[in-house]
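Before we start, here is the structure in question, set down as structure tokens.
Going by the order they are written in, the chains are A, B, C, D, E and F; count residues from 1 in each one.
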Amino acid sequence: MPYVNIKITREGATAAQKRELIQGVTQLLQRVLGKNPATTVVVIDEVDTDNWGIGGETVTDRRAPGR
Amino acid sequence: MPYVNIKITREGATAAQKRELIQGVTQLLQRVLGKNPATTVVVIDEVDTDNWGIGGETVTDRRAPGR
Amino acid sequence: MPYVNIKITREGATAAQKRELIQGVTQLLQRVLGKNPATTVVVIDEVDTDNWGIGGETVTDRRAPGR
Amino acid sequence: MPYVNIKITREGATAAQKRELIQGVTQLLQRVLGKNPATTVVVIDEVDTDNWGIGGETVTDRRAPGR
Amino acid sequence: MPYVNIKITREGATAAQKRELIQGVTQLLQRVLGKNPATTVVVIDEVDTDNWGIGGETVTDRRAPGR
Amino acid sequence: MPYVNIKITREGATAAQKRELIQGVTQLLQRVLGKNPATTVVVIDEVDTDNWGIGGETVTDRRAPGR
């Protein structure tokens, strides 16, 4: 019954990679806490690099060439 | 003053259906807890089926034909 | 499969009221969008009034007597 | 190490404005609580006006001309 | 830089188990997407069983003896 | 109408500090985006250091003496 929300920057994660994340987190919760995989929900949010900040600046700016 | 976040898979919910969800949740909070509708905020997130996992697999995979 | 998060101030909502919220939201999603109640997850967060702000001030301050 | 999530309606916030929000929130957490800016994460979600409700109606409806 | 939020019912997860969840999710994101562990944030929320609903009822009710 | 969620570790933030955070974020959204303070909602979550992970370990472990 756990609910997991994964937020990452939108940078081309493939369907296969998302599938692997969902499977991996679900298995982790089963292994560590005995949670039932059938009712484990995982939601992945992909966020534009303009909308993600760390260290007081956007990821877009941190990755700008010439910096 | 409540805040409600509804996450659903992105599968063509119409503007009318979203309106009905927002109205219904707001009324529910007023009826059950006496919350003021004027300051009740509802945010609906529609999530791609590749990004939603249940039972360790993506909704895209669960709905694949031939399964 | 929807996931709903309801945030309210912590002011003595009873188990019966929370039960009613969970039931009401689950039924709403079934009625409006045909969502399966069996996999609809609802999580209620109760937040201290010191930790909830609206209009630039805490709910604690808004409710202070003599204001 | 704080995590801040800002949800606003999608109405044309510019990259410069988002940069300013991220910088401002990060500085606020440093000034008020002494939090390290290097590990402060800020995520901005822009939400369609059809998906945002207040007062029991969508923002789209509240802004409809002729109302 | 990912941010992960894990919500589980409050049922006595130990500090060791939480440590294992945090480590496991961080490694998963590094392995699958190459994300830097140093800036991966994981937040675990433990939710009272009265406040968690599935199938239209609270977890407290689902676990009541005699059912 | 914005909604802001601030998550910090639970380490004794005072009511005065939370008040200052709420006021500061609300003013920032007004200044940068012209958002109406009256309907700006801010929710602060304080999270136990056992439940917060960064760099693959809990904040409790990172702060343990002798490290």
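In this section, contacts are C-beta pairs under 8 Å (C-beta built on N, C-alpha and C of every residue); 3 or more make two chains touch, one makes a residue touch a chain.
These figures come from a predicted structure and were not determined experimentally.
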Interchain contact steps from chain C to chain D (minimum; 1 if touching): 2
Chain E reached from chain D - shortest hop count over touching chains: 1
Cα superposition angle of chain A on its copy chain F, in degrees to the nearest 5: 180
Most distant chain from chain C by Cα centroid: A
Between chain E and chain C, distance of the C-alpha-averaged centres to the nearest whole Å: 20
Geometric centre distance via CA averages, chain F-chain B, whole Å: 26
Contacts with two or more other chains, residues of chain D listed in rising order: 1, 3, 7, 21, 25, 39, 41, 43, 45, 52, 54
All pairs of touching chains, each written as two labels joined by a dash: A-B, A-C, A-D, A-E, B-C, B-D, B-F, C-E, C-F, D-E, D-F, E-F
Touching residues (chain side chain F, partner chain D) in the complex: 1-9, 13, 17, 20-21, 24-25, 28-29, 32-33, 35, 39, 52, 54, 59
In the complex, chain F residues that touch chain B: 1, 3, 39, 41, 43
Complex interface listing, chain A residues touching chain D: 7, 45, 47, 50-58, 60-61
In the complex, chain D residues that touch chain A: 15, 18-19, 21-23, 25-27, 37-46
